[in-house]
Structure formats: structure tokens, C-alpha cells
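As written, the chain order gives the labels A, B, C and D, with residue 1 at the start of each chain.
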């Protein structure tokens, strides 16, 4: 299948972007930056998918990965608050072995890609990718899927709300008591009983 | 072909975005004046003079910011607003980007907006901006969920994820009547994702401007412009998803879309001036315990209607 | 000339002013809020003019210099009833509140037209904590993240979680004394976990507030009750306006200020109260947090005490008030919400007392113990109560903490009345009040 | 944009992902390596679907499944990190020697 020149140019730019940002993930000094570099890599691949007319997948990639990377960045900040990566860090082990493994895998897979013969069966012209995906995914059972999805989400929210009493905003100790440092010991990282006379909690 | 597919949409989106953002500032100024804010000079000139002042002001620095992200975030937010506006169909033929999954694309604009707003607050490396960024992230997920459920509701009768099909499916009856819960929910999400008025938790007064608290000069201008532009893009999506887009008697389609967008904008800006800022804790509860279940009800309503 | 065209346009914009609220500067700022063409902004980065309103004690001049240097170029400074810093010899000083808006606008226009140079930087532009990293990666060379490349340790989880079961790293910062959300002069060292206040240590007490002169006169000789009560209502309305602005209700804040400005015994509060209730101020913005127990409430005194159910009001000891059948209004809850309900109720009560007293021409009788809007003034003036927030704010989210702070009136009462005339000269500046500030 | 170039790009992403997953000390960074590998896998799947599989719907389906796997991987991974962090106060791979606690 032949693509117009402009598509090829776009593809080249996006491929470079995807690889460079994918590589930057592991050599930036802040984890928040790392997760957003990964997001850029995902977005570049998503746009390539749209160029390949997988329009649903490409766009789904944007929003799935945006939320996922956002959560990832927040988890980083949860474990180490580090605005703007103020305190940079280098956290690498077995460096040489990893580089060798990465290069080896690239060479093997790249060799397979270049040397093997794949059938040349481009998309039929009358194919509607989104509809075909929807039919394959859900078939005729769309209603069942959708109601099951909503029920599941409701259950999740309900469980979170119930298990944390008033969630993030109230007495939540019962729902999220961490285990003790030794079996049967006091919970880790929890305040001592009785300090911080807690009228502002109970009011 | 290039003219029709590339240049024309870009020009259209740019013009609507710039004019729209200017109108947002003008309408907001007019509402403020009507509600008693003392003002000198006309509402039409005020945004221009304000913009000119920001252009003459120097951009400042903070201690060790993430320069790239800090300078890029306002531009990225503006780009997201442009992407959002690009999926709005202005007439059956005049559609900047007629992607078959344009409803999902709008969803990803909302998701990426969360990332960009977080970056804007995080990269400044100051306390108040960082708190603003956290707050938006804590709420962003609930905005995305509610908006996706509501938009799936309008996609069901259209049997398509394409905004032009969604508009076409409202030929007989607009979605605002067919799914009465949809538009109010969507408007609340809109105030949330542009952090405007009652849901302005990211750039709020108690944070001295939140994510924008340490930004000055041209980058602040771009950020404020982007916020207004996002409001414009949102009103475009709301007009096509619920108010029948280009449909309407007498007037040409694009004019109808613009009028409906103006209507949505006026409602949003008025709400923004009338309501107090919702406390973050209450906002989280409101989103997850009240509005999200309501969006399920809206979706089930839409599904049952589509089956009948 | 595109540039001159741009600057001509910029000169016409409303003047963005960042106010540094010093000792006795509030009254002028209330007037500025209602002035068209002047916009009071919350961040020095958003301003073209730094307005130092009122005196700043010498030990806070360093903080003032830092705020000064935060304004982006080009900017000017204006000193209202305040002695300019020694480095800024040519700075403009204004003492007349009526001339203030005009001077602000002229300064902004001259700045934009290039007729006035930008104020010079006062502090050297070097990082407060220079880079001290070791090694290629700058991680400080002490283990994976133990280094201090910017002279500060990495935020670590040093305190235990106190509210929500989510353990985040905590961050300690110093706030104030010119942060616009805090009472003027309040400085604190705050540890935050996410947006949750984990500890709050007040370092500078807020500046003493100046009451209207009628309260000080009431300590010396009987004064008309109507005048006293109107001044009281005005004081509360101005505090309400601050909280409403903080809550994003600009229009109601302005309404409240306008009401305060034109206050007469015939003024009515019903309109404002109705609009406040309708827009959901009590349901969406104020919290049921910030609860004061009896001891703390008594320490703060005034509205806060009565909102916590203490029927303490020196007015009930005054025979003239007795003739007006005065009984103190009280609430029971003692939280932020109750304090605002109490404030509104007291404004209404004051207006009603003023109406009655004006009809009957009543004068206050007791002079040794009067109830100021800030609290009881018996043996001594109401003192600084900012110590209570150290116990009150931990465990609240930032927004709740700010809402709570706005609802509390903590500053001591100054020995000088508001709007000291020119004869008293420099008094509201660095001299007398600064000494008092240190005593407080 | 041919099948070979697309697969080459996918191979590069997978290679970088492997490097990351093997070399990083932090759990979260390790997960990023895995996600980058899956990114390459998805690209390869879509490339085959579009250029070699004649639009068989299974190609797209595979990508959707991979996306779901990524979401689950992240949720499980974070649950694990949080659990380990709470017991051991460590978030690096070398901080734990066995998972039996």
C-alpha cells in the first residue's frame, strides 16, 4: 500500500519523536518528567496508528495513556515530593548488561522485521475500522457489556466509598490501616494513639 | 486538496478561537460590570489593553523551574483547545477535522488537559502553584468520567462516535430535550475542566492564582488566552452534542453554531460570576457521589430510548 | 511604531496593584477596591505597581524587599503612609487617601509610556540555596536521594499521617507576612502534606488593627450608641468582604464593601443575606471545620466566642444598652459556618440598635469596659490571639484552613485609632506601632 | 511508511523498554520500561493489521487487550509498590530481597 509523501514525512518525524522520548524516559533525572516523556512516546505511536487508519485505537491511546501517566506521575510525587525535579537522581543498576540486552533485542527483532517475508494484504477499501472493531469486541451483546461495565464501575466506587468511610476526607484509618512492621506489631506509619487531641477529626 | 484539507480548517479554527477568546473576555467583563464591579473604559477595549500590558511585562523566573515544561504548558493548553475546536462541525460540509472517532478525541483532549494543567503548576517549582496542580488532578478524573458517560449518551442515538453524525441524529429532536440530564451535567464538567467560576480550584483566589500565581508577562497572556479558548472549544462541543449544532431554521448552519456557542458561553460565564468557589472536599463528593451516578442515569435513559 | 502603539494601549489598562498590607493600611485598600480602573491582584507577579499601604516594621523589611523584587519589570512602587525603604530614595510617597487612585494611575501610565523607569532590584539575583550537588548526576553523593543539591533536603515523610490514611511526603515552607490570604503581618512556618496542613507554627503575630476612633472615644466619654453600632457593623462588613472575595464571590464582596461605605441606620442587610444564602455560600464554601472549644473561643473573644455559645458581651453591662433591651446573639456550633452566621446576625443587630438609639438619642454610659468589634475591652485591649491557629489549622486542607483563618479575627487592637490625621504624622509608620508590634 | 519501517520502530521501542526494565532501580521506572515494551507490541499489532492482515478485526482486538493489560499491570504494580512501601518503607527493587513478607 502506498502512502502519499506527506504521510511518510509525518511518520518519520513521529517515529523519531517516539524513539527519542522513549529513550529520554530513562535518562531524565526526575520521575515526573520521565512519565511525561513516556506519554509523549505513546502519543507519537497513537498518531502513527491514526495514520494507519486505526482511528479508534490511536485516539483511545491518547486518553488511556494520558490518565495512566498522570496517575503514574502522582504516585511518584506521593512517594517523593519533588517539585520540578529539584533534587535530581540517578537510579540505575546493572547498566552495561541492560544496554547489551536492549541492543540485542532490537537487533534480533529488527532483523526479523527486515528479513522475513510478510504477506502484503492491505486493508480492504470498504472496511470501516471502528465498526469492525466494535462488532468484534462486542458482537451483538453490546447491551450486556455496557450494563456490566456500569455495574462494575458503580461497585468499585461503592466499595471505595464504603471501605474508607468518608474516603480521603474523614476517618479513614479502618479502611487503610497499614500492616505492622513485624507480625502483630503496631501499624507502620500511623500516629500514636492519643497525640494530636483530635477534636478537628470528630467534629 | 491541501488547501481544503489543511489550510482552510487551520484558518477557520484559528479565527473562531481568537475571536471566541476575545468575546469570552468581553462577555465576562460585561457580566462583571452588570453585577457591580467598578470598571473604567468599555468592556470591548479592556481585554485588548490588558493583553497589551501583559505583552509589555517581562516574563519572570522562579528558583529552578522546569523551564521547558513551564513555557510549553500554556502553549500546549492552547493547542488542546484548538484540537477540541477542530472536531466541532460548523455545517454538514464545513468540518475542520471529520474524524470518525471525534467524540473520543474530545475525551482525550479532556484527559490531556489534566496533564497540561498539572505540568503548568508542577514545573513552576513553587508551593501555591503545586497545590493548584494537585487539586486539578484530584478532580480531573471525575470530570473525564462524567463527560465520557454523557457523551456516550449522545453517541447512542447517532450510532456513531462522529460529531457530525451526532448533530445529524438531532434532526427531529435536540439532545437537550431528548436527554434532559445531559446538558446540565456537561456544563458542570465544562466549568470544571476550564477551572472557571465555582470549580476554579486550580487557579483560585486562596492560592493567589494557583498554577498561574507565579507566571507573568507573555506566558500569562498565553495561559489566560488558552483558558478562554478552552471555554470556546467546550461551548462548541456542547452546542453540537446537545443543541443540534448547525440545525435551525432561516439562518445558515455555521451562524447557528456560533449563536449556540455564544449562548452556552453566556450561561457558563454567568454561572462563574454568580456562584462561590466550591470547597475541594465538597467538590470531590459532589462529583463522585451525586454527578457520576446521575451520568449513569443519563446513559441508561439514552440506552433505553435508543432501544425503543 | 508598533511598540509605542502597544505601550499606549497598555497605558489604558486598569492598574494591576499588588498591595502589601502594612499597619493601618486596610482602610485605603477598601476604598481602592471600589475604585474603577484599579485592580488589586493576589500575586506580585500579576502587578505593575507595588503599593505598600501602611507601615512595615523594620524587622520585616527583608521580606518586603523580597516581595519588591518579585514584581516583573517594568514596575513602580508607591508608599501610602509608609516610609520608603532607604534604597528607594526616589520612591513616590502618598499620604492622602483621595490622591491615591490618581497617583496609581499616573504611575502606571508613566511606566507604560516609558517616562518612568522601573524600580531597581534590591536583592542580588542569586539562588537562595545554590547548587551543591556532587557527582555527574548531582544527587549529592550521599546515597540515592540523601543529597542536598539545592541546600535543602528532599521532602521526606518525617511526620505521620493525620487525616486521610494517604501518606504523602511533607513539605515545610515559610509563609507571610504579606501573603494576601493571611491576615496582614501574619507569618508562619507550615508543613504541608499534599494540600493538607500538617503543622502550623505562627512566627509573626498579625499587625494590630486600628479601630474607628469612636471606640477609643467611648473609653473616655459617652458617645452616641448609633455611631458606635454603625462603626461596629462597618467593621464586620469589611471582614465579610474579605472572606467573600477569598471565596470567589467578587460581586458580593463589593456589595458588602459598598454597604459598609454608605452605612446609615436605615441600611438593610436582608438583600446581601438573601443573595449569600441563595448562591450557596454557606453550603458550598464555609466549612463545619475550624471548631473552637470554650477555652480557645474565650481566648479569641468577640464574634468567635459568641459563635461558640459563650454569652459574653460587655454591652450587656451598659445601662443604656439595657434600655434598648440588648441581649447578645449566640450560635452553638463554634465552627467557621457558625462564625459567619454570627457575624451576619451581629451586623443586623447593630443596625437595629443604631436605629433605636438614634430615635431615642441614647449615649453609651459605661466607659471602663466596652465591647469592640474585635472583642471585650475591659482592663486591657483585646490582645493578639494568633496562637490558637497553631492547634486549629493542622488537619485541615489548604482551602479549609484559609476559610477558617478568614473567619477568625485574631489581631490585637492598636492603641491608635483608624485614619490618624497628619498631625500625628509618622505615627502609623515605623515608629510607635512597630515598637508595639514587637511587644505583642 | 512500510511494514518494515513500522516493525523497526516497534523493535526500537521494545529494545529501549527492555533496557529500562532491566536497568532501573525504582519500581515505578521498571513499570515504565514494561509499558514501553507494550507500546512497541501495540504498534506492531496495528501495523500487521493494517498492512499484512487484510484488516482482520483480531489485529485491533489484540491492541485493545494490550491496553487493558497495561491498565491492569499499572494497577497491580502500584498496589504492590504501596504494599511494599508500607511494610518496608522502600520503593526500590534492591530494597527487598524476597516477596514473602
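Remarks
We take it that contacts are C-beta pairs under 8 Å (C-beta built on N, C-alpha and C of every residue); 3 or more make two chains touch, one makes a residue touch a chain.
To keep track of the chains, here are their UniProt names: A = NADH-quinone oxidoreductase subunit J; B = NADH dehydrogenase subunit H; C = Respiratory-chain NADH dehydrogenase, subunit; D = NADH-quinone oxidoreductase subunit K.
Everything numeric here is computed off the predicted structure, so don't read it as measured data.
Steps from chain A to chain B, taking the shortest chain of touch contacts, total 1. Think of the whole protein's Cα atoms as having one middle point; the chain whose own Cα middle lies nearest to it is B.
In terms of the distance between Cα centroids, chain C is separated most widely from D. Chain C and chain D have CA centres that are 52 Å apart.
Put simply, the C-alpha centre of chain A and that of chain C have 45 angstrom between them. Each chain gets a centre from the mean of its Cα atoms; for chain B and chain D, those two points are 33 Å apart. Between chain A and chain D the centroid-to-centroid distance comes to 9 Å (mean Cα coordinates, whole Å). Annotation for chain D: residues touching 2 or more other chains are 25, 86, 92. Of all residues in chain B, those that touch two or more other chains are 64, 134, 281. Multi-chain contact residues, meaning those touching two or more other chains, occur in chain C at positions 144, 150, 167, 171.
Note for the complex: chain D touches chain A at residues 1, 3-20, 22-26, 28-29, 31-33, 35-36, 39, 42-43, 46-55, 57-58, 60-61, 63-64, 67, 70-71, 74, 78, 81, 85-87, 89, 91-94. Here chain A touches chain B in the complex through residues 30, 32-33, 36, 39, 50, 55-56, 59-60, 62-63, 66-67, 69-70, 73-74, 77, 83-86, 128, 130, 143, 146, 150, 154, 157, 161, 167-169, going by the rule given at the top. The residues of chain A lying in touch with chain D in their complex are 1, 3, 7-8, 11, 15, 18-19, 22-23, 25-26, 31, 34-35, 38, 41-42, 45, 48-49, 51-54, 56-57, 60-61, 64, 68, 71-72, 75-76, 79, 91-95, 97-99, 101-103, 105-106, 109-110, 112-114, 118-124, 127, 129, 132-133, 135-137, 178-179, 181, 188-189.
Those residues of chain B lying in contact with chain A across their complex are 64-66, 69, 99-101, 104-105, 107-108, 110-112, 114-115, 118-119, 122-126, 130, 134, 137, 140-141, 144, 161, 281, 284-285, 288-289, 292-293, 296, 299-300, 303, 307. Only residues 32, 35-41, 45-46, 48-50, 52-53, 55-60, 63-64, 127, 131, 134-135, 197-198, 200-201, 204-209, 213-217, 220, 273-282 of chain B touch chain C when the two sit together in their complex.
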